[in-house]
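Below is one structure, written out as structure tokens; the observations come after it.
A, B, C and D label the chains in the order they appear, each numbered from 1.
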């Protein structure tokens, strides 16, 4: 059994980790922490766990003495790096669900996150935790930077096109739509019920942080630097990201060829599900799947890709468990095989 | 033209007043205030008014010098009384949308609101602003306490039964369901999108403040003190209160007789709409209507009443305008005749 | 392994059975049927199962030759009885999810369902599939009538009070609220998006069929016939029933005593979760739990119970699996231990 | 007073016409028709009108004898043309809300609507009813083809760019998101509550009929034929279309210059509201406004436009009334000045 801890368990990614790990046969959750709610019962914070998960919330300070094998950091950007630093001398594998180690260098981080990075050493060791692109590196790594939710949907939608050199690198437009849980557990005006319900809007136009994460990963699949247009929108629903992606081919393509490219790229990746029709968000809700549909529009000479994930699972906690499985040599799918709840 | 002001215009009742008064031919809104947002454009706070209502928010302190005819106080409980006191020497008619002057005495107020009342004089002058019960008194009054949203739906559903002496006074159960706007414009955990969406729950069991307001008004229609069971619930929607009301008749009754009692009671009241089938919330959304359906269940010997309002209109801003119309001798319906937006 | 079939797999209860049985270690689903969609892939009807459950839909006629151990009938009322009759000579255990064998006699059935019953023999053999009331009988039975969704929430909320003789039998009022999946998979005006979204209403006032089912089961816990007031409402959400239940005690009671009565009654029943505060629907969504909260209101001398289930799990497919487990001597909880997805 | 009729009043566009015309001072609705519901009260079909609009539904056959000045045809595509033909000898102004006369020729119609056109004469007389592009022609016309909802949002978002020759004509991508009322009043699987709620998907990829309507209108503003990429999506809400539009400039541009182009283009058009930040759907819900926001992304060299309307008002019934106002020489805004209901 892998002795694990969850640092920062009171947010949505923390509680989702606990929901999923409840079914994981090889992990033993030794500790869950919250600095602001130390001493409270976890199920008082998240009543859905009442009588099922009865941990008391501890301080992360206790982890040093606990002989854990692994921790998940389910913390805000900027806080996570402090814990990675604090834990550097412990013999611990870390899956960091924040954005602190996803980018290539501290400089890039600082320019998009407007924040100084206090643990630059982490950038050398960390792997970008998207198994469909970096599975071997994740297996070898002790620090995995779990991808952002939008980047997961976007990169998985585009990777076969970019890696195959099939598209004009300047033509990529990602029009993405997300549920509100991406904005976190904390009440704020943007997620006030009456501001979201029966409503829809774009946000973060031209400057969302996930843009650079997508660009860096796609650029890694190619020789050239790739720039993308990325526009997020807020959907009146809890979970899910659907990205509608547009790109212009740089050669003659057809549907058959595109589907083959995707099928080849993802043949050994159990959580990418190629679809023959466009997926909807409820097809993947609650699961670790990324549903991808690709099609070519002859009339306009454009490729359209629809990619759908649950932001809290494949876009966060599920991917973190998939990474843990790889880091410990387990079956990549362990604890993650479920069917979405529809409706 | 009636020169009016709205004190506390940035909440939902304030913005709803402005939405409705936009069509009112006899009012001229001279000032809208907010202490926390003084100096800002109202339409920056509520963008739906962009280029249509372009007031700058002022401080309520300016009202003393403005020679207004009337003000609406759209303030939280406890704050409103301070302004009523402050304005006592001005020649102003006041519609107070808070709970500060709805109850019979300062003592009752203090025991249910856990707050000292600083303007006890107001209780003597104020009229309870439910025109269907107190139209004449409202016409004479300079201070009208606009009713609570739950009390409006509940009292209008029960008044003909209580006034007609048709029911056992101890048998009344009001199972009420409200949209989230009743909880206000401010973001808080209870109105965080993901806590409300696809969810439903009761709250305030056994001790909601509106209970005593309902009891006092119903008791006023009868000789005896009436006690009611009142249970509010939170619906995953913006606007509306639907109350399902149960009572046991104290005599032989039938459907025909009940409908006649309601029809007689409300014949001169244009905003109560007796329905022949149970109403839904969207039937009244955006309007000043209260839809009421009454039926007798022979099998169980119980009367069931369904009552539906829009909590921000008939349950708040619409009723306030209806009261203003009465206070100034205008047609009671002025500015309030609309058809609900369905869907 | 228990060789099972699902008859009528294209509705919501059928697809929910498949979702849940995917994790059940002792069942082997040999066949799923649909008369209207025979020959189609199940995952074409319910795309959420794509590449995960790849059965082809067959006709129920094939079951006679298949040597199954058990079938679930996920069929409409009136159709189910035909299959129970058809299968009577097969050595099959049947869990019937329809209302066809839930009531005490064919006569009661015919008066509330307005339909002749063509297999009256079934009434003698069948057990009412609520394990919390009839566990032993279910274990012995080859035909289990899975309870209705509203009755499950209502009976579990009331059973300790009725069995304990604590309440006035004429005082029971059940104000119940359900999501739309209770109305089935078929598109109809009542479940058209714009008629449900941002809306709320009562329906089936005074005459819903589940009334008699509740009354018969509660009467079985007592010596006298019990009559209940039952009012269903339609919530703008997918899953869940929350029942707010009112009853008058026939003796002096207090909260401690009530909680003890519930705790005693349910101590050996793993799926009833007694709560210390009122539950919300998302606390049980996707799970086989029934959350129950009981409290006494001294002011009004009334007991209030809040009971919450997922209508498609504890109110249907989950209960059916719980019953199957009992019929085959398995752990009652097998395949049913999960934590609700929140949010 | 303009004597008007509404043909096909039981759908959402028909009921929305009645809701809006209730406040129109210069129209007198003499007749509303429905062939399938002839003889029923309109308010029985749409209970929101109970006791407010009490028309009985008639057959459209009665119109010939009624001496009307104008009719609105709120009919499905393919049916409308029959009535335009039938009414050709009457002295009637017609606003047709269907797609039957929106395109340039019968041939284009037939290729996108897969239907023979039975009244080809109509194409010569009809004006495309988008006042922001064709106000003068609408004033002169007796047959106005009211625009589609997606085309309204899309064309108004793009017109200043196309007319100003500012963009590469092959670069236009319109990623549009609509509420469910665009799919009509009739219950069908795509608008079944549980298929829409908490869900999101694209549809009509590559072949939606509104594509050609957008292309023809934009081409009319330019010398060359314009081809657009148009992708509609279905939002879990009732009303509203938000289009996120991407285009590449064919010259150096900046934000100031773009805003000036829009401001010039729309300076005499009261219902297009230029915004300084991206609009949300609730900003325009229930109103005849089209909110437009334009911005230039230097990083990617792309122009992004966000355009938002209520599909049942500016996208249908409201535009129809705006057109009627123009056809009869009235103030274009008559009956259409309202503030959106937020929340």
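By definition in this document, contacts are C-beta pairs under 8 Å (C-beta built on N, C-alpha and C of every residue); 3 or more make two chains touch, one makes a residue touch a chain.
Computed from a prediction, not measured in an experiment: that's the story for all the values here.
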Size of the rotation, in steps of 5 degrees, that lays the CA trace of chain A over chain B: 180
Per Cα centroids, the chain farthest from chain A: B
A-D compared against A-C, more contacting pairs: A-D
Intercentroid distance (Cα basis), chain B paired with chain A, Å: 46
Approximate Å spacing (C-alpha centroids) for the pair chain A, chain C: 37
Chain A and chain D, separation of their C-alpha mean positions in angstrom: 39
Overlap residues in chain B, where contacts from two or more other chains coincide: 12, 181, 194-195, 197-198, 236-239, 279-280, 282, 343
Chain C-touching residues of chain B, taken from the complex the two chains share: 173, 175, 177, 194-195, 197-203, 205-206, 227-229, 231, 233, 235-240, 242, 244, 246, 278-282, 285, 295, 297, 299-300, 302, 304, 306, 343
Chain A - residues contacting chain B, complex: 12, 180-181, 185-189, 191-194, 196-198, 236-238
Residues of chain A that touch chain C when the two form their complex: 12, 15, 18-19, 22-23, 46-53, 181, 197-198, 238-239, 273, 275, 277, 279-280, 282-283, 286, 338-343
